Amino acid sequence: MTKQHLPDHLLTGYRTFVEKRLPGDRDRLRTLADEGQHPPTMVIACCDSRAVPETIFNSAPGEIFVVRNVANLVPPYEPDGEYHSTSAALEFAVQALKVEHILILGHSGCGGIHAALSPGADPLSPGDFIGKWMSLLDPVAASFNSNDHMTSRERHAALERTAIRHSIGNLRTFPMIRDLEDAGKITLHGAWVDIGTGDLWGMDPESGDFDRLAIGPGESA
Amino acid sequence: MTKQHLPDHLLTGYRTFVEKRLPGDRDRLRTLADEGQHPPTMVIACCDSRAVPETIFNSAPGEIFVVRNVANLVPPYEPDGEYHSTSAALEFAVQALKVEHILILGHSGCGGIHAALSPGADPLSPGDFIGKWMSLLDPVAASFNSNDHMTSRERHAALERTAIRHSIGNLRTFPMIRDLEDAGKITLHGAWVDIGTGDLWGMDPESGDFDRLAIGPGESA
Amino acid sequence: MTKQHLPDHLLTGYRTFVEKRLPGDRDRLRTLADEGQHPPTMVIACCDSRAVPETIFNSAPGEIFVVRNVANLVPPYEPDGEYHSTSAALEFAVQALKVEHILILGHSGCGGIHAALSPGADPLSPGDFIGKWMSLLDPVAASFNSNDHMTSRERHAALERTAIRHSIGNLRTFPMIRDLEDAGKITLHGAWVDIGTGDLWGMDPESGDFDRLAIGPGESA
Amino acid sequence: MTKQHLPDHLLTGYRTFVEKRLPGDRDRLRTLADEGQHPPTMVIACCDSRAVPETIFNSAPGEIFVVRNVANLVPPYEPDGEYHSTSAALEFAVQALKVEHILILGHSGCGGIHAALSPGADPLSPGDFIGKWMSLLDPVAASFNSNDHMTSRERHAALERTAIRHSIGNLRTFPMIRDLEDAGKITLHGAWVDIGTGDLWGMDPESGDFDRLAIGPGESA
């Protein structure tokens, strides 16, 4: 065996996985490898290291199909675009895996949303990929930038939630999703997690409002 | 509070998270929310529900910044492209978060790789986003398709690993990454996980070979 | 004794008070009557029947001095104005009672805030007292009316919180309050209660942000 | 979550509310939040920390709509006045909530009444908001000041009750209230509470006299 080249913290974590979790997951993993994945739900989440869907939803292997991009955005349907990373994943989840649910999961303190609220800031690189990516929110970001009665954190949280609604709107520009939703075969969801407290807020599909899930004692979700 | 609209399996999982894991993570989450994330490592992984980086590496919140797209691909540097989801995440991780490691994490049984090995198959949708996305592997996929001496599973595993090396090559087309690697400030890694056994294979940066990490009882990594 | 003319529900409630609560409060009430009130805190709250400060704070008699007006507003200092109901109460609390804290307590679903967000609606009466009263928020309400990316409830919650900050700003236009605050003898607070869940959100005096008080198990306020 | 900034006694009280009262009120609060408030009765009470309507009437959330100002006063109808805090609340209660009862609730030991009986005293502030506010009682206060046959406490109690009748008279200067009363759709009430004993005295609508409610053991209201 050759010397390993992975970062130490990943090697340490992998050793813990092998000792603590793998024994209990082994049968399930073998079945999943043999029979393929059939996750009921696709989650579109952010790359942020603090907002991990599998942790928040305590997901088992095979349970959720997960796209992670900056600010958990969905671009509109553009069949002639190039390298549609998120659109390809959507197509795979909906057409091949036939997921029944798509959840857009946003979170507090999102760096991509921060970039969208700082339109005058210097780009990070000559290519300014972040600027181009976040321009997907141009249709909605301006009205938050111009409101100086909200605190900075309130503006961020408001755009984080508006962006979730905007992405759900973009999901509906995909003919395959619109048709399945009309036929009652797929349901679109939004949620937002407060990374400092672990509180999860679910979106009401009628109003678009977000409500904190009541999970404490005497509360029932 | 209004009725919750999330899928039941996510609500159940969230309740377990709140009861079992959140109490132990709370202090860390508050600090992460207040001080921002400083993950040392970015992981580019697949959307597959069976290959979850945070599970495999037993990661704590804040530990890894994670992009997940179909087949864990990195496109080449193309500053004039549109909506570069993965490039935007790379830029954010490298320029803003200043990660020290980037790991491309592939896995067995990858559906995207399977699509790349089935070039004649009907596209999943008129837009054929999967076909366009997987065309990122066109420079390397053809030689596997024309090789009928390998079994199907061998071809898949071989392209899964070749794709990791190809994406690492694409990472080096980004000037910011090439410069940082030359200066010794960032290290690029590859790994491949066998989802049926949980075995992790690390890539040797010199030869490009993959070796299984020896982690079991009596083994040492 | 003559026939009583109070509404039945108040008579019933008073009988419960006499039987259940008065016996335990009697000594305290006698002392409060003899020695006068010395509440440490003044609360400016809304008239809304669902947001009762003494209930939310489980207050004992003598504990909080309470103004209640529509939307818990404080007008700016205007010594030449007429019938300044709220200003008179402020003066009494600060100068005569020497309270150490003033809390502006807002709440979800506020009807006055709703009126401020419906500037074109027909006035309720020829005098349109609500319209005049809520015009105290004119300096801040417009920017929320023009933002149609937020849901109706989000706009309401945002203005409910902005109005609290605005009223705290107005408190500081009263020379007596500004001087006492500068001398460290009085502290101004904001809070917002979600009437549907009982969740209380406290305002950070530096940033103006509102945070939910963590009171559940494993949480500490 | 950031550090909380509310006074300690309110935090302690809120914790008791969450643990002891909220569980039993939760369903009612959710319904009230969803369906809005429909209180049958409006109460105009004093800010005094010892005379809390919800405590005296053991009111549930949603039961009474409450204005609290110094000395529980109602100004006369003046559509051209500015910032009519109490008039705005009246308008909201009568026009929007369509309450069936309005109760003016006075109490013993009222500081505002004391100020009205001390017309020569130094104003509390240059603005003298208390003096202006209590001048609403000028039409009735003078005859008590010039009556030196009553003890001080008798003068106070007499003006406290006279003020209630005066405010009921002012209520009838509002066209909306006068019309509804004539149509039998609203009823005006007066009451006075002795804060040292908890005794409640109801006003006879014909004579204007106040009678103690007989509620004790062996008494019936």
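Annotations for the structure displayed:
In this document, chain identifiers A, B, C and D correspond to the written order of the chains, with residue numbering beginning at 1 in each.
The rule is simple: a residue touches a chain if its C-beta (ideal position, glycine included) is under 8 Å from a C-beta of that chain, and two chains touch if they have at least 3 such contacts.
No experiment lies behind these values; they were computed from the predicted model shown.
For chain A, the chain whose average C-alpha position is most distant is D.
It takes 180 degrees of rotation, in steps of 5, to superpose the Cα atoms of chain A onto those of chain B. In this assembly, the C-alpha centroid of chain C lies 15 Å from the C-alpha centroid of chain D. Chain B and chain D have Cα centroids lying 66 Å from one another. Here the CA centre of chain A is 39 Å from the CA centre of chain C. Counting partner chains per residue, chain D shows two or more touched chains at residues 1-2, 22, 26, 30, 33-34. Touching chain B in their complex are the following residues of chain A: 1-2, 4-7, 9-11, 13-18, 20-22, 25-26, 29-30, 32-34, 36-37, 39-42, 47-50, 52, 54-59, 61-70, 73, 75, 77, 79, 81-93, 95-96, 100-101, 103, 108-109, 111-112, 124-130, 132-134, 136, 175-176, 187, 189, 191, 194-198, 200, 202-205, 209, 211-215, 221. Of all residues in chain A, those touching chain C in their complex are 140, 143-144, 146-154, 158, 161-162, 165-166, 197, 199, 207-209, 212, 214, 216-217.
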